[in-house]
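First up is the structure itself, then whatever we jot down about it.
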Amino acid sequence: MLNRNKLREILMKYQMGMPRNDVGQTVGKFDKDRDPKASTILKSPNEKLVVENIEDTNNVVKAVELIGRRTPIEYFTYNEEDFKYIKPKEHTDYSKLDIFHRAISPILIVGQCFSLLPVLGVGHPNPRHLHFSFKSIPVLITLIFLIASSSLNLATMKYLAKIGVNAKNLVGVVFFTCVQSSTILFFALAPRWPRLIRYWTRTEMIFVRKPYEMPKRHLSSRVRRAAFAIIILSATEHMLYLISAVISQYRKASFCASVNNETYHFTFNDFTYKNYDYVFEVYPNTKFVGGLILVINFFCTFVWNFMDIFIMMVGKGIAYRFEQIKMRINKLLDKEIPEAVFMDIRDHYIKLIELLEYVDEDLSGIILLSCANNLYFVCYQLLNIFNKLRWPINYVYFWFSLLFLIGRTAFVFLTAASINDEAKDALNVLRRVPATTWCVEVERLIFQMTTSTVALSGKKFYFLTRRLLFGMAGTIVTYELVLLQFDEPNRSKGLPDLCT
Amino acid sequence: MLNRNKLREILMKYQMGMPRNDVGQTVGKFDKDRDPKASTILKSPNEKLVVENIEDTNNVVKAVELIGRRTPIEYFTYNEEDFKYIKPKEHTDYSKLDIFHRAISPILIVGQCFSLLPVLGVGHPNPRHLHFSFKSIPVLITLIFLIASSSLNLATMKYLAKIGVNAKNLVGVVFFTCVQSSTILFFALAPRWPRLIRYWTRTEMIFVRKPYEMPKRHLSSRVRRAAFAIIILSATEHMLYLISAVISQYRKASFCASVNNETYHFTFNDFTYKNYDYVFEVYPNTKFVGGLILVINFFCTFVWNFMDIFIMMVGKGIAYRFEQIKMRINKLLDKEIPEAVFMDIRDHYIKLIELLEYVDEDLSGIILLSCANNLYFVCYQLLNIFNKLRWPINYVYFWFSLLFLIGRTAFVFLTAASINDEAKDALNVLRRVPATTWCVEVERLIFQMTTSTVALSGKKFYFLTRRLLFGMAGTIVTYELVLLQFDEPNRSKGLPDLCT
Amino acid sequence: MLNRNKLREILMKYQMGMPRNDVGQTVGKFDKDRDPKASTILKSPNEKLVVENIEDTNNVVKAVELIGRRTPIEYFTYNEEDFKYIKPKEHTDYSKLDIFHRAISPILIVGQCFSLLPVLGVGHPNPRHLHFSFKSIPVLITLIFLIASSSLNLATMKYLAKIGVNAKNLVGVVFFTCVQSSTILFFALAPRWPRLIRYWTRTEMIFVRKPYEMPKRHLSSRVRRAAFAIIILSATEHMLYLISAVISQYRKASFCASVNNETYHFTFNDFTYKNYDYVFEVYPNTKFVGGLILVINFFCTFVWNFMDIFIMMVGKGIAYRFEQIKMRINKLLDKEIPEAVFMDIRDHYIKLIELLEYVDEDLSGIILLSCANNLYFVCYQLLNIFNKLRWPINYVYFWFSLLFLIGRTAFVFLTAASINDEAKDALNVLRRVPATTWCVEVERLIFQMTTSTVALSGKKFYFLTRRLLFGMAGTIVTYELVLLQFDEPNRSKGLPDLCT
Amino acid sequence: MLNRNKLREILMKYQMGMPRNDVGQTVGKFDKDRDPKASTILKSPNEKLVVENIEDTNNVVKAVELIGRRTPIEYFTYNEEDFKYIKPKEHTDYSKLDIFHRAISPILIVGQCFSLLPVLGVGHPNPRHLHFSFKSIPVLITLIFLIASSSLNLATMKYLAKIGVNAKNLVGVVFFTCVQSSTILFFALAPRWPRLIRYWTRTEMIFVRKPYEMPKRHLSSRVRRAAFAIIILSATEHMLYLISAVISQYRKASFCASVNNETYHFTFNDFTYKNYDYVFEVYPNTKFVGGLILVINFFCTFVWNFMDIFIMMVGKGIAYRFEQIKMRINKLLDKEIPEAVFMDIRDHYIKLIELLEYVDEDLSGIILLSCANNLYFVCYQLLNIFNKLRWPINYVYFWFSLLFLIGRTAFVFLTAASINDEAKDALNVLRRVPATTWCVEVERLIFQMTTSTVALSGKKFYFLTRRLLFGMAGTIVTYELVLLQFDEPNRSKGLPDLCT
């Protein structure tokens, strides 16, 4: 505060001494006296003064010396605008920038193959090429998938209505409904996506240049590695599911055939029929239909995983920027900093929060669905933990599936919560600001960081923080204990006879 | 702070130079020198200086120029009073104002037909005409309804005492008791209502004129649309209930008659007798009594819904004003604002909070009852979700009823929570105030907004916020799981025989 | 802040002009010039300046005038000490003061008859006469009661060990253990009580004189009415218990006698024997022992209630003082207040908080026990709500007992929470302080009030606030649902045969 | 703020008057004029000015006098650096300092005998001698223990897989897995330990000298007493376990022998075989193997307890330093303190928090494991509370074990929470800072203390505070109620026949 006010005072006094419209001239007049570096900075009128240089200790000293010796007008004629990002005239080459839009584009392209987020121009480096059109192939894919999954879902519902609903056989309908809701939510997001990504990129432009530095691992590699890891694991999980289903059915068939002294040929039709019998009550039992069902199921599994991948990517994308702010503050700690720098940081911090809120508004439907979905399936799978299974491959699949589910849920939560963690960490760093650098802007920044919950939210009902995960774990345990007790009679029955 | 203190200083110095009681004269002395616009403003002594104009950037500049060039006495001789609303001399035409009293009057009139809030003058535009009198028709309606519903309630209780209470057959008594408590709470609110509404209108007068602007959709249309939507849906629900009861009874009668080879005439008396047999153990089974019971039941359903409608309207009414404050702050962001404007806003913000607390004190009984009521009935209905019903119309009614109940509960909660949302949103906007406009008043305002929970409450036990809704949902699930387990034996019994 | 700093400045300048040790003289020198009223105040050197008069608007104006015209030394030579309470030389007549010690003395005397808080001098108006001695009658009563109740408790335990413990028959042991723990906690409090009360009274002395005003209803009447109401209700409850026991036993005896064609004489011995059979397995069945058991039981019931009465009284005692602070702040709102007044208020506020923490440290054992006790018994009684009872008098007793228990628990909680409520209310009032009066001290006071939880606590594990009560209610419902399910088999068994 | 700024101003003015590089000389010039004490302080250039003396009221007064009379340059030429701890040139004799490293060294040595934290140099007073090496005896012990316990664990798992898992027989595997995880976590901590302890010692150096004072009981005695108390109690518990096992088995054997008219010799092999039959399905039943199992079991029990001991020690170690800060602030209260002192305190406070976060990062794995472990075993043991046991010694062991478990858990939690308590207590003291001493640094310190949660955490999912313990207690009760109900069928079966 001191520094800035002092500068202002000097400026003010100077202005008093000469008529207002002469200021421009004054700058010219004192131009020769200035040191060559400063004059270079101001030479081209389009380029604003890079105030960030003040963070460089040497420059600060020089600036102070300037104050004492010469008219500092030319040095300090910046206004609030200077601290903001100024869009350069020439074309930005987005393909070289480490921005979110670029980082996620391969994942989104894969997602579009599976009917999600049907926007055009996802692969183009420049976010200006993004647009949504109803008459496009991605939209077509989405619609086809919605119709196909609906037919499966309805067949399942019909079957349930016949045999009677209970808490356990609901799982299929819940799965399909989740998947369809997810597809629809992504479809609803698509028209808003171009605007969102453009806003995001605009905000990110602040962070791709000095004084912000890149953390060691780039955003792109962070996001892509995590996303592909989940995709591969989910594919493995699906394969295991198929293998488990095939093997256990084959084993059963061969065992029962040997019991009954029959010979048995295990065909593709048999497999699909036994696994999806509820579907074949509606549709004809042909190889084509069977294959279609398997494909749709695969698509569904992907969509089911993609929700979490998407939230994870968004979480990483925003947390990365908060990390950059934290790094910048960290570097300032041992220096004497003018208030303007903290104004700058606070401005960027608020811009990030505004981006976060903007994103949160568009995404919180998906977040809500993903949380509910994960909560339900974790509870459901945990419930089966004490169940007896017939074949070893079933155990392998069950435990892989359970651990993958819990791991994915925890990972997505923790990644989303990392936004909160990074924002809080920045606060801890700020607290070390010494009394000499302390100013109103730092105080505001600290107060703001302390009192606002910076996190993705589920429609503002809850915020994705580490604490929530702890609370949810406690809740899951409670639910699980009650449900286990509930399910006791079924569990104690044991396995049914194999060949009836 | 800078601006205001500087002005004060100048003022102070000026005052030092001349005797105190000359100030008035001074104003006159410098009158000619002032620019004509400023003098016009001060011409009539009744009209205070419209300080709000300072928000206009041009004026601010002029004001600053004035300070530099001339004696600013006449410009700044305002005291705290000037920032408050000054009641105009002439009559206000309330029928043209978008105030809460006017917005809710049609709903209240409908409510009065159903025995609620027996106040006179509800329909008059001017809140001064509101008064409560024991000797009035609305009070009479209320008393008659109370007596009638009591007789039904007592009959139900007597029946229960005979057959034995359990968690499930309690629902009737809970319903009637809720309805009666609600009627009594509204009756107790009635004498306090005129005072409350007058205070409310007085506070609202701040917001019906500049610098506050109207949000796109007016308060009246917001409140009335939502209220009538709930009323229509609740009427539909009640109709469905009657249809479901009639059809299932008719079906049963005709089926049993065909089984027993009898002919069966389905009469009104049969219907009422079968549905309300517990009442007819006390009262004679005549068409009149049967009709009366149906009418009272209809009244009860309305009262039961009206609690929620009422809370929703109050929520919308107050949230609307917070929205206006938010809009005003939003408009200020890019300008240089004197501290006085923020003093003004803070003053209005506090006035709104005081109104909220005043309203909360009078209403939190109703809020507490409504929450308990909704919680109970949601739990009760969810418990029946796995029950088997006999006829399709029963399913239609059950699901409509359940979804309506959950929807209504969520809607009321979210509307009440919107007060909190709007107040928090204003905070987010305030945080963007740049360092130049930053002043003690903004700091106070932010601190206040950050640390106080602005929301309707249930007797201060809990506050109606989005987070509460999330917590309640978790609690309901826990209760439900335990209750489902509890109810397991009854559920597994299945449907009783039809014709016994 | 402005005012105070200005005064300091003036003072500083004055001091510069003359040697330091002359200041005292200076005061004398200017003595004649002062207006008579001010001089009266300072006449006797022992009486410090009553700075509180500054709150009187007239005086403030005068003070300001003094600053302008004369040397203000004599007016402002107060240091921090002046704002604190100065113990007057002459004897304070405590019997006329509305202090906590006096307010609770009748209740404590009654309590001492029932073996609680064995301190001497409880009835004396002056807290200086309070002291604890091991060789005193109250201590003797306490020890006798402890021995007597131990013998009952051990008899119960022995009986339980024989028949086997379950969740339901534990209630007797829990009751006796609670009572004994309570007696011991009060016994442990006794030696610390005189010190506590003296500290309390010293703090209260601030509030028994101007500028603090008495709320309408005095502390004494508030405390005593509530305490006696609970005592009377608990006595009624105990009477009903005896009546219910006698009647149901008499009815049973006469019924079985008539069934068996016998004549039956209902004697005192029969009654005590049937009710306390587990005791008579250890002790001889004589009238004396029977009577003794009844007396001990009566004592136990009183002790059991006294915990809550005690917490309630402490809650009222402290909340009353916070209310006074609130009232004082409320009165200041429309005036221009020097910072010194807020320093004063903040000082008193902190003193109250320190008193609260001091009290909390000594009492939180009792609070913890009382909460656990209430929680257990509410759960236990609620569990019996669906039980069938034989005689109408049993229902009367059960419902009276249940409602009394819930009512007492809620009342004690709410009274304890009222400390928190009053402290928060004061905050709401402070927020209205206008910008003109705003100063660092107000800011500190608001910050302090906002961020500290002012409430009695259970060993700092939880704080007795309204929100806690809400949370506990939710927890009780959860427990109850699980317990009800647990107890289902017992409940469905119905009443056992009467005459076996 | 006032004081410090004033000093700066004076300093500034002085510097203006003479060339910069003359300052050093100036100090020399004015050397004679200074009072002898001050000159002594500055005599040796290596020793910096002990600014803390300013807290001594007399010195402050002198300093102020100096300002008035003479050039204070020599007195105030300190910069921020002066407030930090300056490492002395000569060797510090760590063996005389009350530092954490020294306090815990005997406990760690004992721990290393039981395979935990295999670091070299634990017993050396100087933390510089700490280092980790893979080729060391402690590491060897750790590896041997890991292998040995793994073989036991695998044997248990194999046994379980054979007889089928349920919630109750899982306890053995959970126990061994916890113990092994704990060993691994300590092993992973070992390489980081030297760095951690050195950082810790560096931070502690601030607190071992003036102005910080020692609380009455030294850190060493606090830590060691508590640790040895737990060790002794846990050894007792283990002995009781063995005694209970031996006696009940001996009794059973002799009873069955007498029933079957056989003579019975109770041998060591019999004992180990009956107790650890699941192990002997894998390993041969020899005396050596039996002895080994007993030894490994003893080690496991120690490791199981050591987690809690370790957390407790860390908790005490950090809480002790916060207590010292609190004591220092407490002593300052009645004096007029320059802002520099509060800057100093804030600096130390932040250093402590940073130490805490550093420690937390390294330890939170162990904390998470310990909490989960305690939660599980408390739930498990509570579940057995209503079980019938055969022999009195079983009851003695069960109740001792249960109370020890609960006591240990509560103690560890409360000790860890005491960090939070001490940090909060310091806040309460700070709030009493009078308006005269109030400065920006105090404000910052208070704000910081208010808004940050100073506590050990479980991976930031939760913080170990008193409130958490309360929440956990509530959760345990809920779990327990559900589990008891779950376990009802097993419990009601009663004891199995003795000799089958």
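Letters A, B, C and D mark the chains in the order given here, with residues in each chain numbered from 1 onward.
The criterion applied here is as follows: a contact is a pair of C-beta atoms (placed from the backbone, for glycine too) under 8 Å apart; a residue touches a chain by one contact, two chains touch by 3 or more.
Remember, predicted model here, so these are calculated numbers, not experimental data.
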| item | value |
| --- | --- |
| Touching both subunit C and subunit D (chains) | none |
| Angle of the C-alpha superposing rotation, subunit A to subunit B, to the nearest 5 degrees | 90 |
| Chain at maximum distance from subunit C, centres defined as averaged CA atoms | A |
| Same vs different contact residues, subunit B with subunit C, by half of numbers used | different |
| Whole-Å separation of chain centres (CA-atom averages), subunit A against subunit D | 37 |
| Centre-of-Cα separation between subunit D and subunit B, whole angstrom | 52 |
| Per-residue multi-chain contacts in subunit A, two or more chains | 447, 451, 478, 482, 485 |
| Topology of the chain contact graph, where touching chains are joined (line, ring, star, complete, other) | ring |
| Inter-chain touch pairs (all) | A-B, A-D, B-C, C-D |
| Subunit C partner contacts - residues on subunit B that touch it in the complex | 80, 164-167, 339, 343, 350, 353, 357, 440-441, 444, 447-448, 451-452, 458-462, 475, 478-479, 482-483, 485-486 |
| Subunit C partner contacts - residues on subunit D that touch it in the complex | 386, 421, 428, 431-432, 434-436, 438, 446-447, 450-451, 466-467, 469-470, 473-474, 477-478, 481-482, 484-485, 488 |
